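Chain IDs A, B, C and D follow the sequence of writing; residue 1 opens each chain.
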Amino acid sequence: MTHKIAILGASGYTGAELIRIIATHPSMEIVALAANSKAGKSMAEVFPHLRHLELPDLIKIDEIDFDNVDLVFCGLPHATSQKVIKALPSNVKVVDLSADFRLRDPEEYAKWYGGQHDAVDLQGEAVYGLTEFYREEIKNARLVAGTGCNAATGQFLLRPLIAAGVIDLDQIILDLKCAVSGAGRSLKENLLHAELSEGYNAYAVGGTHRHLGEFDQEFSAIAGREVKIQFTPHLLPVNRGILATGYVQGDAQAVYDTMVAAYKDEPFIEVLPFGETPSTHHVRGSNFCHIGVTKDRIDGRVILVAALDNLTKGSSGQAVQNANLMLGEAETAGLMLAPCFP
Amino acid sequence: MTHKIAILGASGYTGAELIRIIATHPSMEIVALAANSKAGKSMAEVFPHLRHLELPDLIKIDEIDFDNVDLVFCGLPHATSQKVIKALPSNVKVVDLSADFRLRDPEEYAKWYGGQHDAVDLQGEAVYGLTEFYREEIKNARLVAGTGCNAATGQFLLRPLIAAGVIDLDQIILDLKCAVSGAGRSLKENLLHAELSEGYNAYAVGGTHRHLGEFDQEFSAIAGREVKIQFTPHLLPVNRGILATGYVQGDAQAVYDTMVAAYKDEPFIEVLPFGETPSTHHVRGSNFCHIGVTKDRIDGRVILVAALDNLTKGSSGQAVQNANLMLGEAETAGLMLAPCFP
Amino acid sequence: MTHKIAILGASGYTGAELIRIIATHPSMEIVALAANSKAGKSMAEVFPHLRHLELPDLIKIDEIDFDNVDLVFCGLPHATSQKVIKALPSNVKVVDLSADFRLRDPEEYAKWYGGQHDAVDLQGEAVYGLTEFYREEIKNARLVAGTGCNAATGQFLLRPLIAAGVIDLDQIILDLKCAVSGAGRSLKENLLHAELSEGYNAYAVGGTHRHLGEFDQEFSAIAGREVKIQFTPHLLPVNRGILATGYVQGDAQAVYDTMVAAYKDEPFIEVLPFGETPSTHHVRGSNFCHIGVTKDRIDGRVILVAALDNLTKGSSGQAVQNANLMLGEAETAGLMLAPCFP
Amino acid sequence: MTHKIAILGASGYTGAELIRIIATHPSMEIVALAANSKAGKSMAEVFPHLRHLELPDLIKIDEIDFDNVDLVFCGLPHATSQKVIKALPSNVKVVDLSADFRLRDPEEYAKWYGGQHDAVDLQGEAVYGLTEFYREEIKNARLVAGTGCNAATGQFLLRPLIAAGVIDLDQIILDLKCAVSGAGRSLKENLLHAELSEGYNAYAVGGTHRHLGEFDQEFSAIAGREVKIQFTPHLLPVNRGILATGYVQGDAQAVYDTMVAAYKDEPFIEVLPFGETPSTHHVRGSNFCHIGVTKDRIDGRVILVAALDNLTKGSSGQAVQNANLMLGEAETAGLMLAPCFP
């Protein structure tokens, strides 16, 4: 059975990545592509790398006939997404890739995103889209909120350890490095090649990055108490990839065993042999996440490293993984693409 | 029906690219991987990006049971390849990715590769692997010689025009730019990141690049007279991609019409609208080749531009395309992976 | 004696590069920096790499006291520059880095830049700023028009050969590759890191690039007849550097001897040994231009390659070189910075 | 007065960087360049970017007439350096860029570098070359041991804070990112462009990097007790630059004030306004180090960030700074080169 798919916000990088994945998906068919600012154009004009595909031209959202759509991927900007999704017919399943439904608490939303939420009911209904940890809820959800790409990476490293109680909850540091496509296709001076290439810097230092809202919500829920981590993102001069280095305190072997047990049946999460560390090179363009655990020379200190592709496992791959579950397909359908190296 | 595949020289980039493609191929199964210098290792050690696949460990070539193999991809270095292929049992089909069987004339081989050929008989038997132009011969071939990656790119631009007689055969210039993976995984100072990144240079200037042997052989055969082109390769500070800029003399509209007609039924060759030019960004990681034709401001001058991925369409993708034909499968099987952008 | 310098358009890359050079110049002092859109800011805010220098804050152009200025570098956008320079007091020397005064013929200006010139008198008076070929005129000039960076590179390759009559004037092809900083600090989608890095493409194909106006003007003047070359620029995924590959027809030895003779006393132009080719790596951040001449395998064909840094020798370094002459200083003052490799 | 300089190990990146700096140094003259493996070649062959300089050809070390040399920069590999320096005449001043004399304790040397030291006397005599903290000793030293580039960066961040007692000495984490030139010009697979570009990884995870020997020695000496930090280096896909992110516990304002006070008179160390963070872009090719201090959202947590160029301030720039002091020159002589951005 083929599912009819619409993509809203198809002119951004997550939109393009969805199409790349769906291009070889066995049971999804794209029936509508919307991008208000580029309506009327063909995808070949907006993303020439998709030129070989037979795709509908870009239209405006309100031109879509949603009676003919089974599932919508919504890659619209934050704040816009909630307005649009609220207006969709209730029979359509939705995977949102924006930040609008990640936080369940309207006050937390207001704190991190600086405004009142326009669809508080949906905010409560939405299922948090970290597949490996919300699998059953996602199968039955109508609306799934894709996670932040940094938030996904950090949670893959830390959730099992917080749940198992094997690390000190007050001494968690996450030093994360994200590729430039994580910032989207927006015209900002610091995203120009000449400003970014051949250099490196931190940003949102001091605990101001919005993905902390997700960490706070999720980690506190798991622990049953408030958990606040330190989180410092850095901007990598590469196009794809997140590497997160976590500094935690606990017994290294217990940490490793917990990690192995947590992910032993997961198709996309690979825990490396104890003491090995992953690289973003080796997950590029794929839905895999590689995790390494190393004992520090100081007893009781452990270094965790996770690598994934922010556009795939961190965003559009995760979205397809969730859509597969919502549509009753195999979770891995269309997602076993091998990483593209070199 | 599943075909049993062996890859010789599996620890190089073309080997890795073959495995990446075959990972989602519907009817190929890898039964043996050989790399003499790394025999005994797992592929996850040699190429961690292939960690998720169940693959045989690397062994030595003489450890392979060729009775259990339908087709061999041979990614060994030039000169080694001919020795190994000569010794293979005659029932095994072979796609060679080296330069050893590209030139049919032993004297031309000696001129460009500097030594006598060890398997002159096979040299005569081998079919030149430029699929779009040798399709029928490849279907019946036992041994197919994969083309040079630069040679493929230049031929996609020039073969139809030489065959149609719409350009001046004595005024053909090919200014080509190739990514660093074209040089393989060899330890050379000029391939170090610090030597290559953020810079740009020409090499093999003056007509000394070995792929000229292929151009000479093929273009002269098509034209029925000696054709010698000027060919200058440059080294791009990127990992994948070839862009070839061709300067020819003829009527631009006739050139364009010839190109469109030549490729209108080809699944992997896309001729852009007249006056548009392709980019390597938009073919990365895929088996597609994009071609543009532009009229110069000087009457009678035409600029041709072709873009493809040297590891895929220029090498391992082409190899799988040929293997599909040799094995009676659909030519596009496993090869419709969309380009990976950004 | 210290010369008082003002820079207009100081928030762009050529402005920053001027300041970088002047930072260690023995006889220039920056007394005013103007950038209308960023007036009020410090240079450390706009270009943090200049943080260690004591520099005046950015102001608006009309806030500058030009009585206190000996020489103005004008790095304003095309078309703006002519209006501003026309209004400057006549005692101030001007080096313009825009395109406004490169073309002497108002009709040619209108043809390439699409509008009427606002300062036709100055257009006639301005000296073309290719130092090595207009040295004496520049010494006495009040207004010098900096050349296009591509135009400079192509002229270093071709002027001596056209002047000496050693090449066929109707068969000149210039295949040029320019780094992204050549496009300035403007917010365009194709200049984003994610769009540009790891790829490569041609642009302005077919003879539409504005620097052709300079080539036509200069080459025709030297030859005493109309000379039109073919010129195809490409966009390199690096921040600095131009490599131009020239295809000409003539005797290779004569071409080489002409080149050596032309540049033997030039401090910034290095002609490599016959048959060697330069790389942009080796001129980065410097005012040097490296030139190579190679004989093709086809008799009578010669390949020329030039490498320079578009921001230095192609723009701001050239500007300082010209200013040195206009101010009576040693031509090389402040410009002997060694290239920054790796 | 001009000082006669010899460089041993001139064919590596630190050798090239020394020559780049000395090229515009007012009082140093290079009289000998040694590189045993490339003896007989000109520098233009080994490093074409130095082509414009009049430099002696490369010779073997034992061909140097040390009577004619005032100061030697020794850029030889670890372990080789100590043998060569031991044999130098005692009148020659030496700045060593290797690791051989960084650790004063022979046992610590054996622990981190895995062998007995060949010149234990010199090991005791050598002054640790972190100029800002050993200035007076360096002025009178005959042998100065250049620091590790990572070690320098970490110490700029942490020494003032440890000395002032404003941070918890048992909770120091240093997450450091170093450019590829830090690994030198050696032929290793992981340094190839195709392996490194467009990716990112950690290495020497768990406290095994040799520069920890320097941290242990120096921080313990300052604190008057054993101080062990956690240190995780990462490999950046850029050619130059180190960014170190430090996580410490203490009062943010006290930390900031301590940092400002420590560096207020330093010509090369710039402490940014409270809450700002530096970038490696803005120190590239220069001897500057930019430092930022930010308060975390968690009370008592502070994030420190330092950026410098590993080849300049982290190695060859530091070496010239030390040589200036040893030779009685101004400390900043030849070192005020502005960073090269973009």
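To be clear about the criterion, a contact is a pair of C-beta atoms (placed from the backbone, for glycine too) under 8 Å apart; a residue touches a chain by one contact, two chains touch by 3 or more.
Molecules present, by chain and UniProt name: A, B, C, D = N-acetyl-gamma-glutamyl-phosphate reductase.
Bear in mind the structure is a predicted one, so any value in this text is a computation, not a measurement.
Interface comparison, A-B against B-C: more C-beta pairs in contact at B-C. Relative to chain C, the chain whose mean Cα position lies farthest away is A. Between chain A and chain B the centroid-to-centroid distance comes to 36 Å (mean Cα coordinates, whole Å). Separation between the centroids of chain A and chain C, computed from CA atoms only, is 45 Å. Look at where the CA atoms of chain B average out and do the same for chain C: the two points lie 39 Å apart. Residue positions of chain C touching 2 or more other chains: 13, 181, 194-195, 197-198, 237-240, 278-279, 281-282, 284, 342.
On chain B, the positions that touch chain A within their shared complex are 13, 16, 19-20, 23-24, 47-53, 181, 197-198, 239-240, 270, 278-279, 281-286, 288, 290, 311, 336-342. Across the complex, chain B meets chain D through its residues 13, 180-181, 185, 187-189, 191-198, 237-239. Remark: chain A residues 171, 173, 175, 177, 194-195, 197-203, 205-208, 212, 228, 230, 232, 234, 236-241, 243, 245, 247, 275, 277-282, 284, 292, 294-298, 301, 303, 305, 307, 342 touch chain D in the complex.
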